[in-house]
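In the two assemblies presented below, chain A is common to both, partnered first by chain B and then by chain C.
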Partner chain A sequence: MSVEAREARQPWILLSPALTAVALLLFVPLLFIVVYSFWLRTATGADEVGFFLDNWQEALTDAFYRDILLNTLKIAAITTLACAVMGYPAAYFIARSKGNKAILLLLLMLPFWISYIIRTMSWINILGVSGAFNTAMMALGIIDEPIQMLYNEVTVILGLVHFLLPFMVLNVFVSLDGIDTNLEDAANSLGATRWQAFTNVTLPLSLPGLAAGGLLCFVLGAGTYITPLVLGGPTDAMFANLVFEAIITQLNWPLGSALSLMLLVVLGALVLIYNRYLGMAQLMKGLG
Partner chain B sequence: MTRKMDNTTRYERLRERYMNGDIDRRGFLGLIGAAGLAYGVQTPFAKYANAQTVAQVRFDGWGGVVSEALRENAFDPFQAETGIDVVDGTFGGGDEYLSRVKASQEGEYNIAHLSGVFDYARYHNLGLSTVLNEDNIPNLQYVIPKLVDVFRKVTDGKLSCVPYDYGTTGLAYNRKYISDEEMQEKGAKILIDEAHKGKIAGWSDWRTRLWYAALQTGQDPNNIEDVEAAWEAVRAHRDLSLKYWGSGAELMSLLAEEEIHVTEGWSGRIYALQEQGHDIGYMDPPNGFGWQECMFVIKGSPMEACEELLNFMLAPETSIAVAEGQNYPPALDPQKVDLGDKIPTLPAFDPTGKLDGLTFADPAYWNGNEQEWSKTFGRVQKGY
Partner chain C sequence: MGWNLVRIWTVLVYLFMFLPVAVVVLLSFNASQFGSFPMTGFSFRWFVELAQNEAILRAFRTSIVLGLLTAMISTTLGVLASLALVRYRVPGSNLISTLLIAPILVPEVVLAVALLLFLNFLQINKSFTLLLLGHVIFTLPFVILVVQARLVSIKRDVEEAAMSLGASPRQTFFQITLPLMLPAVLAGALFAFTISFDDITGTLFWKPGGVETVPTQIFAMLRNSISPEINALGTVMIVMTVGLPLLGLAIARQVAKKSGG
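Entry: the complex of A and B
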């Protein structure tokens, strides 16, 4: 075998464990879900094997699923916007801090050491009727009766922001950290104010990081079901909750498969659009 | 006295002989290789040979105080007595668990603490039932006959479970905000009372929602004639509710933290709250939701080990201790067994053992409507 042929084979040999894992753990299960989506659930809860388009017809034509999907995208968009507004200044502060950057990044990662469910449930102890906020306000005499703050769409968004903010900060930080600070100095020396230097130089250069963080927050936010379950009211369901109900409560795996694929296609389309215009490289940097 | 030698001891002795120079390296490695070969050859058939020497049984239940009571009073003593390890898992509801069982390999799940005869029938209809050898469960004789008979009817006179306890899903209310008199006056309709808007909750279980909707619209829960009126009541409850709860722990938290004033709740969990000192009242309205729980053996399980565990769990001393821990009356017949002092004080307890005062869900009726109603509830729940 020639040296060129050996060199051409080498990356594939090195990649083969990862490719095998992706094939077995992602594509094969996905294929199962695709197959399942064409089966039918019978009255007893058993599945009828075959090729039926009923689930897809229901998922694509029923206004109920469309409305919940649109509401899910709305919640994910608001969450992403909130993460961007709160995350950018934090990332800027970390990127420009001298000496204690590592500690600040460690602090940013700290929440990941605690279970997502526990972090979500912690809001019950903070915002609940007997929670820390109401207790403090009543102790200070600011309110007489506890305020009902939990179990609505706002608390769902709050829980999602709490969960997703570190992803945004990390992505923006990676982007800001790669910008040469001399560029801002150069802008200042040419007469720009600090604000003008930021808006004309730093912000445009950091947009890829902001977009990568936004994409991550949006996709993760749109796919969540724990947060609305724990912090939402009776009607605050997201699309993933429909998948959960179809599969778990109604034992309708075929319909659940069709719904999950529907969500996958919508979110996959967003990722493709992002990749088309901005490329995946920035996202990889943020995740790394 | 002779002591049975296990494989570890055999290996250690062999290694010792080798280290002492009693056996050469080639011989040592040869014997290890032969042992490996023998193990490899017999492994595919080991499950048949080991059928009677089960080391572990998996049990799944409702978690919280129920699991704690079972672990402390049944599983740990059983393990100490038989050497069979009982691994216990939890679930939030029967639907969720059925989905897990459906996705599992045969034999992965063994015994489940199922609620209601309708669940028993669903598992049977999905081909997940077994046939228990009742000769191996002599303690079944102490169980209330009515509780056993309803299961027999579903599985052609045979049993795939043993009844274990019973209880009710009644109305739980905070006495600080709702008086006993108001509860008596309003009954199930308090859950759709505008006066308590935002302070009402309910279980996110479609059966319970429709059962209470039937009571609120003056219908027989086992024969709802005006289904649309019942759905309207479900919608009314939804619009007044702060939250649907999904587990016993969440139910207790919502009441204990005073996030809500009234909900329907599981009798044992409410009793646990009362024991903790919370001033929570509990009332079973007329035709309130009664249920009986069973220990269901799932297809593919090691039958003799499961039967041994079930018999151990049904022994009066074990069953009474578990019942006192989980706050649900045991399935034991009070006419045959002295149930002690605490059990007669538990909600839903029937001293006659006839259970005439409780209304149970008709499995044929509820399972016949399951597909349509569970789906409709999914929509109504979300504002439709």
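Entry: the complex of A and C
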């Protein structure tokens, strides 16, 4: 074999284990659940192979699934908005701070290393009946009886914001950090106030980062089932809880397949729209 | 004035991120038998009880073995793929990159369901193997992203110099490229281990009955009742997942200093 041919083959040899893994452990399984979603769970518990539309009909027409899907999207949207409002000024501060930028960035990375389940359950220590808030309020004599503030939609959103905020701050920071500060100075010297310089120059330039952070917050938020199980009440199920319920509890795998694919289509569409207009590169900057 | 507002806002945001976690650590040293407020004294009793809890120790062993194996496999696959993408001009490299990071573009629940159902169809039931395969595919994109970002900064000149001085490609790889890549490889492995160690979303789908990892063990304990041991367990986990990377960072810095980097 010629040197060129060997040279051309080499990258494929290096790539083949990873590509095989992704093909066999992601793409083929995804195709498989497409097929599986047309099978049918029978009364005996066995799955009947065939082409049945029952699961899809149930998933797409039952108001129960539709309402929870819409509610899940609503929760993800509120979470994303809250992350943007809370995270943007913080990211701006980090990007423009001089002395302690390194330590602020290091602190920003820490939440990524602290377990999701621990960060989620930590709110029980704060808002629970014998948590910090109630204990403090009772000690101050403001309330006599502890108030149950947990296990509702608000605490689910709170937990999600706490989990996802670092993703937002990091992505906005990455794009703010890449903006030449001379641009703001130039705007100032041309007569813009500091606020005008921000809204007309810096903010538009940082929108790609805001969009990347927003996409991550929304997609990760809408795909969770742990937060509602830990911080939500019995009626606060999100769409991924339905998937978990169908697959793990009811063992109705054909229906679970259909529900999974519904979630994939809805969230995948967002990723594709994002990719179409902004490209994946921005997203990878924040992750890498 | 505006800048001060931004400063105060930032302080509040950091407090929001860290205060609840700090409370977990604080309460893990609480002497009270309920593991909640008020603090009645300082004590290590919950850590002692943790160390004697067979289920928790088992979960730790499972998590560590799983994390190490995941890191090994996923780093091997990831480093090879990153080398190909950074070092060679591969036709369609954009598409390949997207395919390789696809596991994190798909919601983890969906990945979990697809893998569980497909491998079950292949007669691989819920088992440690399934858990391992799931963690490998989920951590692979992160490894590739991290390793690729660091590989770009290694210059080819050094390798070419070695080759021109008569080193074989094999010698060049093991004596020049690999040592230069080592920080990237370690960073990738550490990342894979941490993500695997923390994962719960996929793990709950893949783990066989009776097998628990640390996060699923915490989850199970939460569902029963808030046992005071949870805070202690949380503290141990924070020390592990925050302390270890910080240690790694410090070591990397020392090594870089010594080699004059």
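Everything below uses one rule, namely that the second predicted complex is superposed on the first by the 269 of 288 C-alpha atoms of A that agree within 3 Å, B and C clash if a C-alpha of one lies under 4 Å from a C-alpha of the other, contacts with A are read in each partner's own complex, and residues count from 1 in each chain.
Note that in this section a contact is a pair of C-beta atoms (placed from the backbone, for glycine too) under 8 Å apart; a residue touches a chain by one contact, two chains touch by 3 or more.
No experiment lies behind these values; they were computed from the predicted model shown.
With the two structures aligned on chain A, chain B clashes with chain C.
When the two complexes are overlaid on their common chain A, residue A:Tyr151 makes contact with chain B while staying clear of chain C. Judged by the touch definition given at the top, the superposed model places A:Leu25 against chain C, while chain B stays out of reach. In the superposed model, A:Leu210 lies in contact with neither chain B nor chain C.
In the superposition on chain A, A:Ile247 makes contact with both chain B and chain C. By the document's definition of touching, of the two partners only chain B reaches A:Gly233; chain C does not. In the superposed model, A:Ser260 lies in contact with chain C only, and not with chain B. Contacts of A:Gly128 after superposition on the shared chain: both chain B and chain C are touched.
Of the two partner chains placed by superposition, only chain B is touched by A:Ile68; chain C is not.
Which of chain B and chain C touches more residues of chain A is settled by the count: it is C. After superposition on chain A, the stretch of chain C that runs into chain B among 130-138, 148-156 or 220-228 is 220-228. Applying the stated touch rule to the two superposed structures, the overlap between the chain B and chain C interfaces on chain A comprises residues 124, 128, 130-131, 229, 247-248, 253. Every residue of chain A that touches chain C in the complex is listed here, in rising order: 7, 10-12, 14-15, 17-19, 21-22, 25-30, 32-33, 36, 86-87, 89-90, 92-94, 104, 107, 110-111, 113-119, 121-126, 128, 130-132, 134-135, 139, 162, 165-166, 169, 194-195, 219, 222-226, 229-230, 240, 243-244, 247-248, 253, 256-257, 260-261, 263-264, 267-268, 271, 280, 284, 287-288. Listing the residues of chain A that touch chain B in their complex gives 41, 43-46, 64, 68, 124, 128-131, 148, 150-151, 229, 232-235, 237, 242, 245-253.
If you check the complex, the residues on chain C that touch chain A are 2, 5-7, 9-10, 13-14, 16-21, 23-24, 27, 34, 36-38, 76-78, 80-81, 83-85, 87-88, 90, 96-111, 113-119, 121, 133-134, 136-137, 140, 142, 144-146, 148-149, 194, 197-198, 200-201, 204-205, 214-215, 218-219, 222-223, 226, 230-231, 234, 237-238, 241-242, 245. Across the complex, chain B meets chain A through its residues 93, 95-96, 98-99, 102, 122, 125-127, 198, 206, 238-239, 241-244, 246, 253, 257-259, 370-371, 374-375, 378-379, 381-384.
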